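What follows is a pair of complexes built around subunit A, which joins subunit B in one and subunit C in the other.
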Partner chain A sequence: MAAASSSDSDSGRAESNEASSKWLDAHYDPMANIHTFSSCLALADLHGDGEYKLVVGDLGPGGQHPRLKVLKGPTVLTESPLPALPAAAATFLMEQHEPRTPALALASGPCVYVYKNLRPYFKFSLPQLPPNPLEQDLWNQAKEDRIDPLTLKEMLEGIREKAEVPLSVQSLRFLQLELSEMEAFVSQHKSRSIKRQTVITTMTTLKKNLADEDAVSCLVLGTENKELLVLDPEAFTILAKMSLPSVPVFLEVSGQFDVEFRLAAACRNGNVYILRRDSKHPKYCIELSAQPVGLVRVHKVLVVGSTQESLHGFTHKGRKLWTVQMPASILTMNLLEQRSRGLQAVMAGLANGEVRIYHDKALLNVIRTPDAVTSLCFGRYGREDNTLIITTRGGGLIIKILKRTAVFVEAGGVVGPPPAQAMKLSVPRKTRLYVDQTLREREAGTAMHRTFQTDLHLLRLRAARAYVRALESSLNPVSVTAREPLKLHAVVQGLGPTFKLTLHLQNTSAARPILGLLVCFLYNEVLYALPRAFFKVPLLVPGLIYPLETFVESLSDKGISDIIKVLVLREGQSAPLLSAHINMPVSEGLAAA
Partner chain B sequence: MAEERLVTRTPFPASAESQKPRLKKAQEFPILEKQNWLIHLHYIRKDYEACKAVIKEQLQETQGLCEYAIYVQALILRLEGNIQESLELFQTCAVLSPQCADNLKQVARSLFLLGKHKAAIEVYNEAAKLNQKDWEICHNVGVCYIYLKQFSKAQDQLHNALHLNRHDLTYIMLGKIHLLEGDLDKAIEIYKKAVEFSPENTELLTTLGLLYLQLGIYQKAFEHLGNALTYDPTNYKAILAAGSMMQTHGDFDVALTKYRVVACAVPESPPLWNNIGMCFFGKKKYVAAISCLKRANYLAPFDWKILYNLGLVHLTMQQYASAFHFLSAAINLQPKMGELYMLLAVALTNLEDPENAKRAYAEAARLDKCQPLVNLNYAVLLYKQGEKEGALAQYQEMERSVRLLRDSGSLEFDSEMVEMAQKLGAALQVGDALVWTKPVKDAKSKHRTTSTSKAAGVQQPLGSNQALGQAMSSAAAHRKLPSGAGGTSQLTKPPSLPLEPEPTAEAHPAEASAQIREKQE
Partner chain C sequence: MGLLDRLSGLLGLKKKEVHVLCLGLDNSGKTTIINKLKPSNAQSQDIVPTIGFSIEKFKSSSLSFTVFDMSGQGRYRNLWEHYYKEGQAIIFVIDSSDRLRMVVAKEELDTLLNHPDIKHRRIPILFFANKMDLRDAVTSVKVSQLLCLENIKDKPWHICASDAIKGEGLQEGVDWLQDQIQAVKT
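Coming up: the complex of A and B.
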C-alpha cells in the first residue's frame, strides 16, 4: 500500500488539496473495471490472517459478465465468474468455532451463495411460492385433457382479474398466445407442475444473540414478493418471515435477533418501513414522496437519501428530524465509522463526483473524485483501520486512507454568508455621452418635449391620411366591404427573366361565396410581358385560398425592375375592390437569356 | 434464452452440486422479476441509459410480461416528456396486474399531465377503491379539482390527504386554493400549520413571510423570512422580500449586500434589478439607479412598477421629458392608478404644459379620492396659474381627505407637505391649521418640497429613520431577526410621503406580487 501511495498519488492530487486533506491517496486506477453498487462491496478478514480483503460482487461492464472479485491492496487476488448478477454481498460469522473466519454471502437471483475461505460452501435457494390453487387445478385438468385451451384461457384470465395470488409465468405466457399456438403450448407444458419463484433484492446481516463485534450473525433477505426473511446462520433455515407493503430496496438493521431488533426497509413505493422483533408487519412508516436512494443508520438516526437531492434524518419511530439539500443527485450512501474516535457519519456519493460526509446535518468533509461515484465502502482494509473504497461510473477504483491525525470537525462546511455575497454587483456603466445628454435634457427639456409632441402628432396625422387614402382608393390588399370581404396575397418566384406570379385570393366572409370577380394587371409594357393581363376569377368558396398563377416575362436587359399593380374588380364596377403593388425583383437570368 | 443462462451457470464453481437439480428440462421459464432490483437501482440513480438497456433485455427475455420493467420504462418515458406513450405503457401494466393501485395511480398521473383532469379523477377514484388509505391519491385528486376550479371539493380531498399523512406539498396546495379564492387569512392559517409541521422548509417559510408582508404584518413577515434565510442563505425569494423590507427602513447598504447573492443566482430577475435600482436611488446614486432600473425595464418591459420608478427617478434628475415618457408608458399599462397621473402632471408642469397638467391632476383626483397630495399639488398649480377659485376648491378637497385619513387611522403626514399646505392656506387666506395639529407636533427636521415647488428639494432621500436603519442592519447581518425592532417601528413610519416614499413602497409590492405569481404556477 505504501508503494502504491507514492506512485498513484499524483493523479489524486489534482482533486484533493494534499496538505489540508484529511485523506491519503493510496490508490487510483481509472481502469480497474469494477462496476458495482455499495451493497455489493464488503470488507472482511476472509482468511483469518488479519489482512482485510475487499470483496466485490462485480456486475461487469453493462451488466454482462458478473464476477466475484477479491482484492488485496490494489491488486485483484482472485476472480471467479458468477451465474447471475449479484444483488448484494455480505460477510458474517457463521459459527462460534475457531478459527473465526467470516463467511461470505452473495445474493443473486433466487439464491444466496455462501463461501468459506473463498471456497463454495453452501447454496441457499428461496422456497417456491405456493401457486394459486385454482390455477393448479386448471392445469391439472389440462393435463388430463379435460379442458380445451380456450376455456383454460378464459378461466385463467378470470383468475388474473381477481385473485390475490398472481399467476405463474407459465400461465401468463399462455395468455399471450394466439389461438393456433395454444394447443401446442398446452401439450408441451401440461405435464409440468406450475411454479412461482421470487428473487432476492437486498441482503444484510443481523447479530444473532450477542452484540459483540465478532458475534454470529443471521442473514436478512429482502425479496421481490415483498417479504423479509431472516436465515439461521448455521442451518440456513428461515427463522422469521415478515411482510411489507412494497418491495424492499435497502435494509438497515440494529439489535440482535434473539433479543430485540429493529429493521428499516426502504421500499420501491418511496416509503421506509420500520419493523421490530415481534411485529410481522411494519410498525412505523416514513413517506418520502420521492424514491429513496440510500438508507444508513447513524446511532439512532435513520438517514435516508432521496431522489430529490436531499438527505433526511428520521428517528427510529419515523419522526422527521432534519433535511439537508445536496448540490447534485445522490447515487449511493454508506456509513463511515471511525472507531478510534467513536465517530459515525454518513457518506453520500453524488452525481457531480463529490463524496460528502455528514454528521447529522453538519457537513464534515467533501472529497472530489474525477467521476460520478457509484459505490462507497469504509472500514478496515489490509492492515489500515480507516480506509475508504470508492468506485466510479467508468469502472474506476479509488482507495483513500484517513490520516491518523485527521479529526472531523463540524462546521467545516459552508457557514456564514454565502460566497456570492462578496461578489460585486455588475451595475451597467453609463457613458460620458449619456451624462452629456442628461445635462442637455435638463437644459432644454421643455423644447425637446414640444418637438417630440409636434413630431408625434405629425406622424399620427400622416399615418391617418395615408390610411384614409388607401381605403378610398382600395389600395390595400384586404377588402372589408360587406359584400366582398377579400384578402389578397401575392408571391413572385423565379430568378428571371421569366417569373411566376401567384396571387392567393381568399374569400373571408363566413358563408357567402363570391362570383363575378375580375383580376387586372397594370404594368409597364416596355419592361414586362404577361400572357393575360386581365382574366376572370372563378367562384370563391368562403375560407378557401385560391392560388391564381401567371407568368411574367422580363423584357428589359438593363437590370431594371418595376412595380406590377394587381387590381381585383367587380364586374361592372370601375373602382377596384382591392389592389396590390408587387415589387418585381431584378431579373438575374439575363446572361442565360 | 434459457439454455444460454444455464450454460453460463455451469462454470460457476461455487455450487456445482446444488446446481444440478436446476438443470431440468430446457423449457424452464425465466423468472419474470429477475432483474427488477437492478432496473430499480439504475432508475433511482437516474442512470436512464443503463436502465433502458436492462429493461430491453428483460422484456425480450420475458416476452413483454415483466410488469415492473414496463412500469419503469413508462416512468422514464414520462420524464423524457413522452406522456402519451407512457400512458399507454401504464395501461399495459394495469392490464398485467389489475389489482395494483400503483399502476392506476400512474395512469391517472399521466392523464393529469396531459391536462385530462376529469379522466384523471375517475382513474384515481378507481385506484382509491383498491387502496383506501393513500394520501397520494387524495392529494392528487385534490390537485385535479383545483385545476377544474372546484375548490371546495379540492379542499375536502386535500384535508383527507392531510388526515391520512401530512406532507408539505399538501399544505402548499391547500394554501394555494385559499390564495386563489383570495382568502389570505385562511392561507396564512394553513401555512402556519405547515411551518409547524416542517419548520425547516424554506419554501413554506418564505411563502408565509410574503403573505404577512402582503397583509402588512411586517414583524411576522420579517421573522419568517429571516428563518428561511437562516436555513437557506441563498433563497432568492426570501432575500428579495427581506431586502425590500430593509429598503423600506432605509437600510440600503445591507439590502444591496443581500441582493448580491440573488444577482449571482438569478441575474435576470426584473424585481431584483428594480429593487437594486431603488436602493441606489435611496443612496442618491441616481445614475446607477437609472442603469439598474433600465435593466429591469429591459427584462420586463411591461411591468408598470418599474416604469413608475423610472419616471420617479427621472423626475428627481429633472429629466422631465424622459420622465414623461416612462410615466405615460406606465399609465398605458396601468390606467387605474391616481398617483401615476399625479406624477405625470408634475412632469407636465415642469415641461410648461399646464393645460395637460391640469387634466392629469383631474384624472388623478378622480381615480384617487383620498390622497391629499394630489389635491394639494393640484391646488398649488392652479394657484400659480392664478385660478384662485379652483385652487380653493382643491384645497378644501384636500382638507376633506386629510380629515378622512385622520379619522380612519393614526396616519401621520409628511411635515413638508404640511408646511406647503399651510403656506398655500395662508396665500388663499383660508389659514386654519386645525387639520394639521397632530402631525405638526412631531414634525421632523426634514425640509422637503412638494412636487410643484423648487425641484432641488426633491432630491431628498427617504432614509429618515437612521436609528431604525441601524437596528435593522445589525439584525440582518446576524441573520437572527429580533422580532421587536423591525416590525413595531415599521408601523409608526408614515407611509404616505409625497414623492420619495413611493420608491420603497413601490419596490416591495412589485417584487412581492412577482413572488406570488411565481408560486401560483
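Coming up: the complex of A and C.
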C-alpha cells in the first residue's frame, strides 16, 4: 500500500501540466490503423535525403493483413503486403560504398526480406532442418497409396504426441483439416518432399568491426528452434551460430562482431541468457521470477520488464541491481536516447495508457495517452532529432517531439540510499567483556541454546500448570463450563474515598438464559466498606452485558490500597464459577484532604 | 553624420540601414530566401545548411537591409537570442510542407515572442509560409492558424505565401517590411 502511494506521488511530480510539458504534440491520429510492436518499428534515412522515415512492420487489424508501411511525417509513403506476420524490423548499413543509404530488413516467418531504397533486394531463408524420419516414411507410404488419409492422420498424431523432432508445416496443416478435405490434400501434396523450417522470433543488428554510428552491421536472428544466428551483411551467410536452452524473444547486443560482443537474449522460459563472442553456449543466466516482456540495454545495465509489473536492472554478469514497481502491467519497452545531452533511459508503455520514462530507478517523466500503448520508438524522425513515436492498441499513431529546452530531471530525491544510511552511528568500542562473551557464544553455542530451550520449556510448563490451576479453582474471569458460560469484567471509577465498582457480567451461551447466580465480594473490612457484600444476580439473557454497580468506601486514610475479590457463585454450590481480583486504586480524595 | 551624408540622405541617394533577423527551423528556406533577395549577380548557385549564422546585405527601394541569417538547426537555435537586441525586424520562415514540425516552429516562435528583448518592443515580424510549390504544402492561412498568429496583438505582423526557389511572394513581403520599418522610424 505504501509503495503504491509513494509511486503515485512520484508520478505527480514527474508529470507536468500542459504548459510546462517536455513534449510537443506533433501528431495524433486515433484511426491510423497501425497495429504493431516495438520490435517492428525502425527509423532510418532510407533515401539518403536527410529525411528520416518510419518503417512499420504492421500486423494488420487482428493480425489478418500484414503489411510493410513506410511513413514520412504523418502520412504513409508506401505500403506493401507481406507474406507472413512480421517478427522484427531493423535498418542497417550493408556496405561501405557511397551513397550510404541504410538497407531495411524485415523478419517474417522463416525469411528475412532485405530492401534497399525501398525495393526488394534479397531474401534470406533459414536453413532447412532434417525432417522426422518417421514422418517422412509415412508420407512416402501415402505417396504409394499404401495407407489411407485416416490412418495417416492417426499415425501423424502419434508422432506429434511423442516425437522429439516436431512435425513439418505440411503435416501440421494436414492435421487441422476436416475429413472431407483430407483426400484432396494428400493427393495434392504427397508427391512433394516434406520440409521442416523454423521461424524467426526476433532480430537485431550488431556492428561488424567498427563502433561508429555509420558502420556496417550484421543481422542477429533468434529462431524458434532455440538458436541465435549472426548473418554477414553483404553475402548473407551465417557467420556464427549459438544455441540457447530456450526460445529467444528479445535480443540486446553490444560491441562489434569481429572484436568482442555480448548478446543478451530473454527467453520464453523466463530466463535471460548472456553470451559472449567465443561462447557457443550461454555464459551467464539471469533467472527471472516471471516472464520477460521487454529487454533494453541502457549503457551497461540490462533492464528487463517482467509480467509482475516491474522493471529489473541487471549487470552484464547477471547481478541484480534494482527493481522498480509499475502501477500497471508493462506492454512494451524501448530505449530513449537523447544524444545531445548524452542521456539514455528506458521507456515503458503500460496497460493503463501511461508511458513511463526511467533512468535507472528514477522516474523522469510520465506521458499519458488515450489508449494502451503497444509500441514505442524514439529517435530522429523527419528532420527532428528527439521524436517519440507511439502506437496504441486501437491502431492509433501518436508522434511527440521533445522540446529543445526540455531537460529530464530526476523527480524527487529518491535516488540512491536514504540519507540516514550515510549517518555514522556512535557504536561503542568493543570491550574486553564483549569480546569474551562473543568468544564464549561462538564456542558454547549449542550448550547455550540447549539451556535456553530447557528454560523455555520449563516456563511453558509452569504457565500451563498455573492456567490449569486457575481453571480448576475458577479464579479466572471467564467461565467455560458447559452449563454456565460466563464472562466477567470489572471497572473501578472515581478518585475516592468513594469508588464505584461496576461488574459487567455476560452470559456467553448461545440460547440458554442463566438463573440463580449470586455475587459475593471478599475484602478487608478494615480498609473498605461495601453497602452489600452479597447479592443476587437477575436472570441473564444470552449475549447481553449486565452492569452491576456497587459503591466502595475507602476507610483508611493512610493511602493504602488492597485487593477486592469478586466471586460469582451458583445457588447451592460452594465452589465459585468465576472469580476476579480487583486492584483498588489509592484513594486520592482522602490523601488530598 | 557629416553634411554630405545628411544631404544625400535627404535626397534619397544614401539608403537607411536596418538590421533584420532571419529565423526559422532548419530546412525551411531562410538562406534561399535571402539569396533570392540579393541582386542577381551576387546570388550563389547552391545553398548549403548554414552553420552558426551568416550576414548578408541587400537593398530594397528605400532601405538597405543587413540580414543575420541564423542557422535553424536545433543545436544552433540557442544563438538566436543573442541577436534579438540588434534586430529591428524579424523574418520568420516556415516550411509549409512540414506538417509534423509546425508545433516545433510554434514553440520556437512562442519562445521568441516571450523573450525579454522582444516582448515589449513593437518590432515588425514578417512570416514567409515557404515551399508553396510542394504538393503537400498547407496554405498560408492554415499556417497562421497552426502558429496561432492571431494571438500576436502588440506587434505588426504579416504572412506571405512564398516559393523561394522561384522567388514568388518574396517582394510582397519585403515591401510590407519596408513600409513597417519606415512607419516606426517616422
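Keep in mind that, in the parts below, the second predicted complex is superposed on the first by the 331 of 593 C-alpha atoms of A that agree within 3 Å, B and C clash if a C-alpha of one lies under 4 Å from a C-alpha of the other, contacts with A are read in each partner's own complex, and residues count from 1 in each chain.
Following the convention adopted for this analysis, a residue touches a chain if its C-beta (ideal position, glycine included) is under 8 Å from a C-beta of that chain, and two chains touch if they have at least 3 such contacts.
Given the structure is predicted, the values throughout are model-derived calculations rather than measurements.
Undergrad: Is A:382 contacted by the first partner subunit B, the second partner subunit C, both or neither?
TA: Touch status of A:382: second partner only.
Undergrad: Name the contact category of A:80: first (subunit B only), second (subunit C only), both, or neither.
TA: First partner only, subunit B.
Undergrad: Figure out whether A:99 sits in contact with subunit B (first) or subunit C (second), or with both, or with neither.
TA: The answer is neither, since A:99 touches no partner chain.
Undergrad: Among the partners subunit B and subunit C, which is in contact with a greater number of residues of subunit A?
TA: B
Undergrad: After the superposition on A, what does A:435 contact: first (subunit B), second (subunit C), both or neither?
TA: first
Undergrad: Using the touch definition from the top, say if A:425 reaches subunit B (first), subunit C (second), both or neither.
TA: It touches subunit B, and subunit C stays clear.
Undergrad: Would you sort A:130 into first (subunit B), second (subunit C), both or neither based on which partner it touches?
TA: In the superposed model, A:130 contacts neither subunit B nor subunit C.
Undergrad: From the superposed pair, tell me which subunit A residues show up as contacts to subunit B and also as contacts to subunit C.
TA: none
Undergrad: Show which residues of subunit B lie in contact with subunit A when the two form their complex.
TA: Those in contact with subunit A are residues 5, 8-9, 11-16, 18-19, 25, 27, 29-38, 40-41, 43-46, 50, 53-54, 62-65, 96-99, 102, 135-136, 165, 167, 169, 198, 200-201, 232-234, 256-261, 263-265, 267, 276, 280, 287-288, 290-292, 294-295, 317-322, 324, 350-353.
Undergrad: Touching subunit B in the complex: which residues of subunit A?
TA: Residue list for subunit A touching subunit B: 37, 59, 62-63, 80-85, 87, 109-111, 113, 115, 120, 122-123, 125, 160-162, 164, 166, 169-170, 172-173, 176, 188-189, 192, 197-202, 224, 247, 249, 268-269, 287, 289, 291-293, 307, 320, 322-323, 325, 329, 331-332, 351, 374, 417-418, 420-430, 434-435, 438, 441-442, 445-446, 448-450, 452.
Undergrad: Taking the complex as given, what residues does subunit A use to touch subunit C?
TA: 24-27, 50, 73-75, 340, 381-385, 399, 401, 403-405
Undergrad: Can you check the complex and tell me which residues of subunit C touch subunit A?
TA: 25-27, 74-75, 77-78, 98-104, 107-108, 111, 136
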